[in-house]
Amino acid sequence: MNTDENPKRGDITLVTGVIGADTHIVGNRILSLGLEEAGFKVVTLGALTPADEFVKAALETAADGIMVSSLYGQGELDCRGFRDLCIEAGLEGILLYIGGNLVVGKQDWDSVEKRYKEMGFDRVFANGTRVEEVVEILDKDFAARKKPARKKAGT
Amino acid sequence: MGSKTDDVTLSAAAIPADDFAAMRAENLARWPTGAEVDLEEAVEFHKSLPEHKQLGWVMRQAVREGRCLTQPRGGFGTLELQLELMRALDRDGMADIVPTTTDSYTRNEQWTQAETGIEESKRQGRSMLNGFPMVNYGPRETRKLIEAIGKPAIVLSGTAMPRLTCEIGFAAGYSGYLGSGIAYTTSYTKNTSIAEGIRNYQYLDRLAALYLEHGVELHRRQPGFLTGTNVPPSIAITVAVLDTLLAAGQGVRNYGLELGQTLHLIQDSAAIRVCGELAQEYLAAAGFDDMFTPVTSLHWMGAWPQDDAQAAALVSYGGTLAAVGGAVSVTTKSTHEAYGIPTPEANAEGLRTTRMAIYLARHIRLDDLPEFKAEVDLIRREAKPVIDKVLEMGDGDAAQGAVKALEAGVLDIPWSPNRFVKSRVMPARDADGYLRIYDPADMPIPKDVMAVHEEGLKKRAEAEGVAYDRDLAVKSVYEISEPLDRLLPFPWAAE
Amino acid sequence: MGSKTDDVTLSAAAIPADDFAAMRAENLARWPTGAEVDLEEAVEFHKSLPEHKQLGWVMRQAVREGRCLTQPRGGFGTLELQLELMRALDRDGMADIVPTTTDSYTRNEQWTQAETGIEESKRQGRSMLNGFPMVNYGPRETRKLIEAIGKPAIVLSGTAMPRLTCEIGFAAGYSGYLGSGIAYTTSYTKNTSIAEGIRNYQYLDRLAALYLEHGVELHRRQPGFLTGTNVPPSIAITVAVLDTLLAAGQGVRNYGLELGQTLHLIQDSAAIRVCGELAQEYLAAAGFDDMFTPVTSLHWMGAWPQDDAQAAALVSYGGTLAAVGGAVSVTTKSTHEAYGIPTPEANAEGLRTTRMAIYLARHIRLDDLPEFKAEVDLIRREAKPVIDKVLEMGDGDAAQGAVKALEAGVLDIPWSPNRFVKSRVMPARDADGYLRIYDPADMPIPKDVMAVHEEGLKKRAEAEGVAYDRDLAVKSVYEISEPLDRLLPFPWAAE
Amino acid sequence: MNTDENPKRGDITLVTGVIGADTHIVGNRILSLGLEEAGFKVVTLGALTPADEFVKAALETAADGIMVSSLYGQGELDCRGFRDLCIEAGLEGILLYIGGNLVVGKQDWDSVEKRYKEMGFDRVFANGTRVEEVVEILDKDFAARKKPARKKAGT
């Protein structure tokens, strides 16, 4: 993985965690390790993290993005209003990713993605997504934003 | 959570009857449906059930007849959906044991949120909860589920906080209940201390013992799969033995032990054997000689492949492994596993595929295979030093020992979300397909045993041309979920 | 059929080159596309194929690398449908060996009817034939199939009359060809004499040897499944050994042996072992020391259950049995087996389920299990006296011996449609799941061996509370196709 | 199985065989054995039997019914005009059953049954049919016809 791109991964802070009453830590831990190895600064909240703790941690660490994991199927309930929480806290520009088994049961992916995009997530990842893929897309998204820390000047 | 008993010194001793009565009263007052619980009435109901709907009897009978029973998982957010599901599992799936999985809010005692989930589910016409909110429905409503099926029913509720759910479940007529203090606290919680988790399950075990005092032998069961992620048999068995001692201490006598499959035919057979044997050995040493401890094998608990056809092999092999290993029951998954909670149809299909696999392998035993004997020996040599050390750290008390050992990393659980667990032990799959330990961290596993593990893992690193490092462990998390063209490509085309 | 060679005295000796040239000319003149066959051109084409598209090389390489390859069956009535099918099996199914099954008219040399079938299929837009009419299309058109895939291809044509089809197939570029004189004549024909069937396959083997003389090592293969209906391993192996001797006599050196699965893990492993060993022993005794005889295991060849979920277990277990048994390849079926020829999708799924099952069991071997050794010993003691007697009846000539032995019932095939076969031998499944012989009829199976069979079968009759009679054999035909509620009901409900 | 019904099974002759180039003899043999055990007179033609041989045998044995098996998928081609062949031979009243895997692949059963009924078969049986079931239905059909041998007086 190439960390010499613009913007530098080392300047980017990402908060990771598993939302709600969800204990599935494995994928989130592997993701966190992978992001760290790729050069990002990673703040790990671990399993069973309420939505507001994500926002609090992002504020405290001046994070550029929040990487939410949800595996257990109840993410649809847990993630309602997540973007609004961020906006209330003054983080409206923050990059929001979510990944995992995002609904109960095997549902049509397009409709699942749409639901989460409507909740304010910038990108929605299916179960089985590999870390390399996530890193690639992060690079692209931050490159598109040019100055990743811009949102702090926002409000 | 936050119960008054927290400050009592933790021990493996039985909760005195008076204390327990007080605890129950306090517990049942936490949510309106608690008031519906009436032990005498529940006892009568259990006694009125035919034997084949009582899981305690059914498990004993399965052992007597050499059967390997099937049991799926399954829970939906409303009574109507759950009724339909349990009927489908009973009839179309031919499940021998019918489950009710609770939702994650219930597991975390967030009953208000569960209430929202029920309403949302009703409004949207699909389940918004990943299980059945048993506490919200209460025992009277929930009993309709028991009445709708012709098999015994078991509560599956992965949590460290089972106190109210178990009261509701037993009162409703469930004759089986899965869960234990060490296994679930280390795998389902982040901030719950091991001591608290143990206490909560001592309550549950004590309640089961209370039913037994009233003549109802309920089936309690230990969820040996822990984090479900490459848990080596020796660690699963160590936890199983400790949880068994804790249950025995409260008076439970019908206690199942579960083991997640490693997917290695010989290792799984050996693990099933050793699990049952060691549980009995340590029970005997602690003075318990009348505890029934049948072993259940669980379909692969790690990450599943996304391809249905590939997943079908895991389902089927899961039946094979259970039958060949002589498990008394097998807990099944479906081809939907990688995606989400299965539909009743997919769930029933998983049951039938497993059942056929059991039929086909029901005559096969590996007892006399030298590799089997070697693996039995290895698992024993791996588990016993850890169990002995844990008990020693607790001065013979399993509860005290477990808390201290987990804190010290003497007992360690891979991939645990719990902050009271070191979770530094690193398992990985070796060149011969055995699940081994790459890094034991602080676990007192003998050097000669670790040498066997290292040899196999180094052989694998060499065969794959990769470094001998902890990436082996991460790779082993993904392995079984990899698409076939990575696992077993047509090897010779240039493409 | 009706070829002039019929009156030549039958023997296992190689057909002289001159005679063979005359036979070929006559044969190729039987249908217009025969004129397209050009041996020199075909040899060049085979040599131009990459190694991994040459089945002879691929089978040898699989043995060197310890692989268990997968191969489905599959044939549709038009080139277009067949192209689509073979691409799907190659890509979606990841088949290591891609098949072309011919239709039953082609098998019976009814090419005019096959022509009608092609036209009907085109008109109706669905296959009205149960396979691909290779002779009608001819080698030039058929070669498009070889060019469309990235794997070696094999012709599957269950018939006693392969003469023209094999010319077309090899000329088209197929590097594998399944079929043999004794196995197919006894299982696919009613009025064809064993001698005629043997002669027809001597033609095919002689043709393969001719390619070898030109530097192209084709893979010939013996279809050991025979009637597919409870064929005991000893009988399958006996026929395999005899067919192998016949092929060796014509100059074939790359010759696969197939065995239908009994669905007993130990018996199938033992059968695979003994099959390879006995073939080599009898080859050596006959002076052939350079014949390559890899063994292929076949998914259950008897009647399948109608339930897809149940059938999935047979598919998956079929991979397990092949891998554990150390088979070099496995021939797969699909969950559609009971209903009809599978769709390309279902066929590909069967391949993937099998492939995953192979991956999971690739490390398991039962060589040191006492039951395995006992079964190896039993199968040897069962097969050798029969093979020896057959050879003795032919004064050392396998061809003559086979004809006489089948006539006398010394060699017998269960459930054969052929009137030159006694078909009085009666197999049945015993109490431990082994496929045994209830009635050996006139086969010279030693008394002590039959005592083992009888014991197991009597144990079964007793366990099921039924008479010890030939109804055991009929029941055993249905058994595996029975619905699960008959095979393995929930045992304790009154219902 | 009760053979004391009216009409007597012993008075009824049935021809069995597998039609066309089809070698699947097992089910047909078990069927033939079962019919014999149940008391019918059975004429077995075995595997690989052309359509006209069925008719010839039925004529020669004054049969009351023909039980055609077809497993290999090409039955649809083999059975065309089967009833006409019977009529031509003066057997228009003869009972015609067919059973097995009657088409290529897994197709909708109703449509398969319809196709074969149109070809003139009185009853069409799916793969997996057990002999006891066949015997029961034969009894019913012959009882309905009262005098099973009537058709010989027919033409």
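Going by the order they are written in, the chains are A, B, C and D; count residues from 1 in each one.
Criterion: contacts are C-beta pairs under 8 Å (C-beta built on N, C-alpha and C of every residue); 3 or more make two chains touch, one makes a residue touch a chain.
What you see is a predicted model; the values in this text were computed from it and never measured.
Apart from chain C, which is left out here, the chains connect through touching into these groups: A, B | D. Note on connectivity: the fewest chain-to-chain touch steps from chain A to chain D number 3.
The centroid of the Cα atoms in chain A and the matching centroid in chain C are 56 Å apart.
Averaged C-alpha coordinates put the centre of chain B at 45 Å from the centre of chain C. A separation of 31 Å divides the Cα centre of chain A from that of chain B.
Residues of chain D in contact with at least two other chains: none.
Looking at chain C, no residue sits in touch with two or more other chains. In terms of inter-chain touching, the protein chains here are arranged end to end in an open line. A complete list of chain pairs in contact reads A-B, B-C, C-D. Contacts from chain A toward chain B in the complex involve residues 18, 20-23, 25-26, 29-30, 33, 46-48, 72-74, 76-77, 101, 103-107, 127-128. Those residues of chain C that touch chain B in the shared complex are 50-52, 58, 61, 65, 67, 94, 96, 150-151, 263-266, 305, 307-310, 312-317, 319-320, 324, 348-364, 366, 368-371, 432-433, 484-485, 487-495. Partner chain A is touched in their complex by these residues of chain B: 103-105, 107-108, 110, 113, 116-117, 120, 126-130, 158, 187-191, 227, 229, 303, 306, 336, 338-343, 346, 415-417, 419, 474, 477, 481.
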